[in-house]
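One structure is given below, represented as structure tokens, and several questions about it will come after.
By letter and in written order, the chains are A, B, C and D; residue numbering begins at 1 in each of them.
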Amino acid sequence: MTTLGPTGFLALSSALLGIGLFGILTRRNFVLLLISIEIATNAAILNFVYFAAFAPSAPLGISGQSIAVVLVGFAATEVAVGLAIVLALNRAKGTINVAEVTELKS
Amino acid sequence: MDALAMAAPFAPELVLLAAALLVFLLDVLGVRHLEALGAIGTAATGTSLLLVIADLGFGPLGALRTLGASHLDAVPAPGTAPLYAFSSFGLVFQGLFLLAAFLVSLASLSRPSHERGAAVFFGLLLLATLGMLLVAIASDLIFLLLAIELTSIASYILVGYTRRDPRSLEAAMKFYIIGALSSTLSFFGASLLFGAYGTTNLYAIRASAGAVGYPVLALLGFGFLLAGLAFKTTLVPFHAWAVDVYDGAPSDVSAFLAGGTKKIGVFAFFLVFLGPVLYLRGTGGANPFAGPPFDIGPVVQVTLAVVAVLTMTVGNVLALLQREMKRMLAYSSISQAGYILIGVTIGTAPALAGATLQVLAHVLMKSGAFLVVAAVAGLGVGPLIDDWRGLGARRPALSVAFALMLLSLAGVPLTVGFVSKFVLFSAAVQAQGLFVWLAVAGLLNSALSVFYYGRVLKAIFFDPATPTPAPSGAAMGAAGPPPLGAGGIGYARAAAIGLIAVAIVALGLYPQPVLGAIQSAATHFVAGGA
Amino acid sequence: MSFVVVGLLGRRMPRLEWGGWVAVVCSGAAMVVGVLIGLGEVLGPATYVDRRYTWLHLAPSSGYPNGFSLVVGTLVDPLSALMLIVVTVVGFLVMLYSIGYMHQDRGLPRYYAELSLFLAAMNGLVLSDNLLEFFLFWELVGLCSYFLIGFYYEKPSASSAAKEAFLVTRVGDVMLLLGIFLFFYEYAAAGPVGSGGWAANGFLFVQNGLPFLQQGPPVATDPTILTVAGIMILGGAAGKSAQFPLHVWLPDAMEGPTTVSALIHAATMVAAGVYLLAVTSVFIGFTATDSLVIVAVGGFTTFFAATMAVVHPDIKRVIAYSTISQLGYMVLAVGAGFSMVALYHLFTHAFFKALLFLAAGSVIHAVGTQDLFKMGGLKKAMPLTAAAFAIGGLALAGIPPFAGFWSKDDVLASVYSTLGSHPYYWPFFLLAFFSVFLTAYYIFRVWFLVFSGDRPRDPTLPPAHEGPWVMRVPLVVLSAFAVGGGALVFFPGFQRLLLKGVGFAGSLAAGIPPAYTATDLLLSGGGVGLALGGLALAWWLWGNGRVAPLPSSTATRAMRNVLLERYYFKAGYDWIGGRGIYTLARAADFFDQFVIDGTVHGFEKGFAALSDRLRRLQSGLVSDYAAYVVAGLVTVFVLLLLVAPYLVGRFGGT
Amino acid sequence: MIPILSLVLATLLAGTAVTFLAGSRARWAALGTALAFLAEVGFLFLGYPGWPGYNGAMVPGFADQESYAWIHLYWMHVNYTVGVDGISLVLILLTAILQIATVVYSWTESKRPAAYFGLVTLTCLGSFGVFVALDVLLFFLFWEAVLIPMFFLIGYWGGPRRRYAAIKFFVYTHVASIVMLVGLLALVFYSGATSFDFASVYAAARGLSPVVQVFLFLPLLFGFAVKFPVVPFHTWLPDAHVEAPTGGSVLLAGLLLKLGGYGLIRWAVEVLPVGFAHVRPIVFVLAFVSILWGSVLALSQRDLKRMVAYSSINHMGIVLLAIGLGSSLGLLAAVLLMFAHGIVSALLFMSAGTVHHTFGTRDIPSVGGITPTTPALSTMMMTGSLASLGLPALISFPAEFVALLATWEALGYLVLLPLAVLVVTAGFYLWMMQRMLFGPPRGIPADAHDVPTHEGVAMGLLVALSVLFGVLPGLLVNVIANSPVKGFPGT
């Protein structure tokens, strides 16, 4: 089996990030936005795992894997709060389309 | 007791945690009186504020310090990578955060007591403050980012906690999306740095000096981090959310955001960019693609300088024509962030002290201003600046306090805002070289800012009053002693505002005590504490 | 000490009607003191009584190692003694006359206060012992004349005349000030070694008993600067003495009460210019060029003013022009180097000119108009006045043995004596000489128009009558002076007075007393002849009630208009003042409001526009904000990876 | 030795506080403060060599100096340091006089009297502070402390366009003082002074190279020039004067403009002599332009106050010129002129105010021949105008004379310009007098009566002073001449 070199790997994680950002910029639906953000976050998590595995020297302090685990947990919390806001917004304004929630401007 | 000895340094954090839990517990138990919960919040923040001051070893309070002076500014042994460390600089910032939280919760005691969600408000306030305290002791990138996230998540909810007001919900939504995006960027940056340095520990990164394996990777990492943290610090162009959020959120929350949570971004900047980066000086050229060794420090400095000037200018220019009071304040607070960033850019001890003093000033001025806005809104005055016309005649005391805050924001002498700008800019001039131009830019900007602050003062004091809608009964209810201007805005709030006004003038006249502590802390920080 | 006495006199403000008498008494006292001083100077030894007090002492500076001081003091020397007599005597008489002339006026206290203030200042000027103090009082008398010309301030013409007088003399004053500076600059270090020169002692005329001129060689004097200084001094004098081209104000100054015209604008203040020139030439000295310029100005003015006097219908203005013309004679004399002769003419002129004015005053007082062509046949009603006016006229015309003859003749003779060595003086001498004819003509034109004939041309005039005794006494006294004053020069006392005035500069002594050589007699004869000719012409045209028809031919009428319009000088000045400068000012105002302020407001607008643009970006759509974040991210990368490294590489770090 | 200067500051501070709280009795409080201030100033004078009799001895440095630590940073020391020399003493005297005059003049101020008199006292406090401060930060503090009360005086008690005027005034002067602050900071840090004290900055600046001195001098010059005001940074002045209440105009013209002159002398010329020597041509150009511009524009004004405002620009131009000469003679002239202009312009603005509320307008063409109706007023106006056009025996004359003398000494024939302008100045004053005071009565309301007592007293005081110092200028000259001449090229 062939392993992915650092460049290729970075390309992968960057692609993930890019997809996430693209979604954030183009989607108007709050839930889709959440998903895009999650995709982007995963790019970071993936990086940690990879660098932990292929680090030139033994990492000092927390290991990449543990960071990855923590981040997964963090992502979950974040999404929970996000969904809460989605619900509240839906109840208050009857929409979760961010394009229709532009009362505050200029 | 070993555990106790271990826990002692965390006394302030623990107090807050306990208070937060207590608030939620009471909420579950059905005790929902705003006064009661607010009292807990105020007491908790006040207590831990005192504890922090004690840890700094201030005068008599020094007796109750829970943190051994030996632990303060202790440089960890090489090879170890602690998650947290107690630096006097961090303690100073803890003090600032707690000050903001204390003022806000004190003022919030005067919120209409029938208001729902008091538990959420105070509980989350305490949690957010806890996160801020953790930020101030972090010495590991991940620890730092997680602490920031704790605060952020708490504040997302805080913004929208009234659950009925669509405006604040919209604000929460925007806050959340941009915040989540930024945190993602920060984490991505952290991951790249992890790749570049093989660690997320700030000591370690700093200790690795110029020997960075992949300068491009490192720079990319710092770039992502800069973007992520810039969101919290509301640097241009990462600022757009702040205006809407400060506008949409309940004024008290805005006060907390502008005066408090925003500052963790500042501290993070100090930690990440000032601590390690400025010392990452290789001997090689300026081409990041040429491989190590490579001067990261100056490159980052230039970038920060550009961002700082951009932030000041755009913030001020945007505030010029702003017709709504809260949005004007939001923009002005953006420009203030620019001033603070000057300190980060220069990175000398004087600049650091100046920036810190500026942070202190901003805590006072901005939270004070938003508290006044909340009070005035309680008096039935509209959101537009024009609605404030003639307030000077109707509410002299309140107006004078507000005027003091604005003048201080404008950096007019005899106010703390002047002293901070003075120290900051004089530090810039003292650093000489190109930094002088930062000072010039800052001064020109503060000259520009006089326009819109002056406009507000003009509206308040000179313009004839426009007929305002009859204030709600609750607002006019309590007839306080007119000279204090407490009537209708509640004594607690009046006390908080009065406190701020006095502090602004007192520190403007004789800043020496605070300044002394700040600059010793700053010197330690630059000298080597993380 | 007389300075103190007279100084006190000016300060108190009479409040009641008898204030006039107070003023009269005080000025009488002043006259006594003044005359005493004068006589003391005549009889006493030849000393300069000089008292001084330091007014202002400036610390040593880079320019003046000894520091320098401005002093005030009194110097009594022959010149000032002579002037003092003139001023106090005429002053007293005019005060007395005013009692009658002004009696029905309101604002009398103001009148007397200002008049006494003027007397005080005039005496101060005469007695001052240095240029700066001289300038101080110089300005003060100017101020008083400003007030007194504008005494009838309800009359627009009066207040505008006052303004004009002040402004024109102001031009002169400025030149004088510059002249003082120039002299000071040249002579700052001059004088006896160690005295520190003017710098240390003030701008003294006399130091250590020696006139400044003889204080040893002044160090490092630059002739051009001295010349300019002299011309500047002349400018000052021309301003005060209404010499060409600063003559315009004097005729208009006749808007003031006739007494004022008599005292200030005939006898004393206007003479101060001549006095200044005399003092300067005696104590400080002029260069040759200066002398030529002065001669030119004097000679030309003599003729110039005389021509304008020929046609003017206003009695007072005719006399005013004659004053200018006579002052021209004096200036001419000073320029030619005969300061003493000039002062001699000044002395006589003061009296007969005051006489003329007071006589004219009582005429005006009687008939209430100043228009010659309305009067007529007044000699029956006012014999005394007619006689007085006739005496004054004869004196002015220079008919022997009246005072004017001796002095004017002396002037002409002395100037003539210099023609050999200074051929350039010729034209001006001729102008002055011919003016004798004009003088005689215009003054007797006035006399005939006013007094001859049998009845007024304008029947509506009130019946004329002589004034009260307070008005008549001065006429008599002055007439006496006008008759006999000239001959005084042959009295040894008066000679000594004048001669001692020049005792320290012997070359100037020439002409006192007039040495009547053959040529001089010829000259005198010619002068008298011209004068008689003028008189005859006047009689032929205007005698006993005749009215010469106005010239018909366009050429002469045009000529007449030019003269009436005073060669359009006033119009020209008004144009410069009103149109030129004022238009310029308007333009500047426009520039101020629209260009300078406009720039500032432009900045405002620019910022406002920028602010508006940026605000549009705050669309309220969160996705846009996210886009900004991403854009910011990219920007940061560009900065970090490209721009900053370039800058750092270029400038080697911040 | 008693800390007299701090005592004065304390007096004024307390006075301000009391006045603000005194409610309807504020005017008495203000007057009391002013009198106490004057008394203390008298004490200062008595303690100062050269008063009353001139003894050629120079005072080394500053008299009545005090210094206490204020803000001590590791890298800089800011102290509370105050002291006086002849220059500041004279201007302090001016401050006291004008404070009394202003309070008395606006005795019957009915719109928020407590605030009004409080602000007046505060303004005087500020300018006193500026004159005594010997520390960069302290100086700047007081400097700004003058702006704010003036801003409110104009903006709240002013005329119809007061808001515009107030904002304009504040913006102009604030921008100027910001630039000035940069200059001062740069001065401190580039000279490597260890503390912000005048003494240390002064000493340290000696070591600066000419180029640096020039670059440090320019921002200072700009900062002070706006306050002067020097053309073309002057347009705030006419508006501010026209809109300000009379008391405000008096303080504005009498004190605030002097701050510029004093600051230039103390913090720029004396500290950076070499830079100053190089910049002098610019100074001269500015001065000449202001002199000319001011007088010519005054000629074209219809509004009495505007006219006086422009004449102020003209006079301050002469002051700038005198400072620019860089000789001790010029310095003396400058200070004398500032004092004189302070008194005279105050008098003129008071007259303008009285004219305004007596005849309902300040428009020169529409009021005339007021002398019969209001003799006292017109007498004082006349005195003011004559003094302002430099008539001997009135206060401006010695000042202008010395100024012109010094100009001639330094610049030779260039003196012709200010000399010629003297005529124009005389021109517009006389024209004004001819149109307003003399001539047939015009536009005089039936109920017009002469000056109210309190205003008369205030103006009379100024008239008396301008005569006193006009006759005996030595009183001031000796004091000024006794102050050490610091850092002039020639000495």
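Simple rule for what comes next: a contact is a pair of C-beta atoms (placed from the backbone, for glycine too) under 8 Å apart; a residue touches a chain by one contact, two chains touch by 3 or more.
No experiment lies behind these values; they were computed from the predicted model shown.
If you compare C-D with B-D, the chain pair joined by more contacting C-beta pairs is C-D.
Each chain gets a centre from the mean of its Cα atoms; for chain A and chain D, those two points are 66 Å apart. Mean C-alpha position of chain C lies 36 Å from that of chain D.
Each chain gets a centre from the mean of its Cα atoms; for chain B and chain D, those two points are 43 Å apart. One inter-chain figure worth recording: chain A and chain C are separated by 97 Å, centre to centre, where each centre is the mean of the chain's CA atoms. Within chain A, residues 21, 24, 98, 101-106 each touch two or more of the remaining chains.
Counting partner chains per residue, chain C has residues 615, 618, 620, 622, 626 touching two or more of them. With touch defined as above, residues shared between interfaces to two or more other chains in chain B number as follows: 173-174, 177, 181, 185, 243-244, 451.
Of all possible chain pairings, those that touch are A-B, A-C, B-C, B-D, C-D. Interface of chain B with chain C (complex): residues 173-174, 177-178, 181-182, 185, 216, 219-220, 222-224, 226-227, 230-231, 236-238, 240-241, 243-244, 285-288, 295, 298-303, 305-307, 314, 317-322, 433-435, 448, 451. On the chain A side of its complex with chain C, the touching residues are 21, 24-28, 98-99, 101-106. Only residues 54, 56, 232, 235, 293, 296-297, 299-301, 327-329, 332, 369, 371-372, 386, 391-393, 397-398, 401-402, 404-405, 408-409, 415-416, 419-420, 422-424, 426-427, 430-431, 433-434, 437-441, 473-474, 477-478, 481-482, 485, 488, 490-491 of chain D touch chain C when the two sit together in their complex. Those residues of chain C that touch chain A in the shared complex are 615-616, 618-623, 626-627, 630.
Of all residues in chain B, those touching chain D in their complex are 349-350, 353, 407, 412-414, 418-419, 422-423, 425-427, 429-430, 432, 436, 439-440, 443-444, 446-447, 450-451, 454-455, 458, 461-463, 510-512, 515-516, 519, 523.
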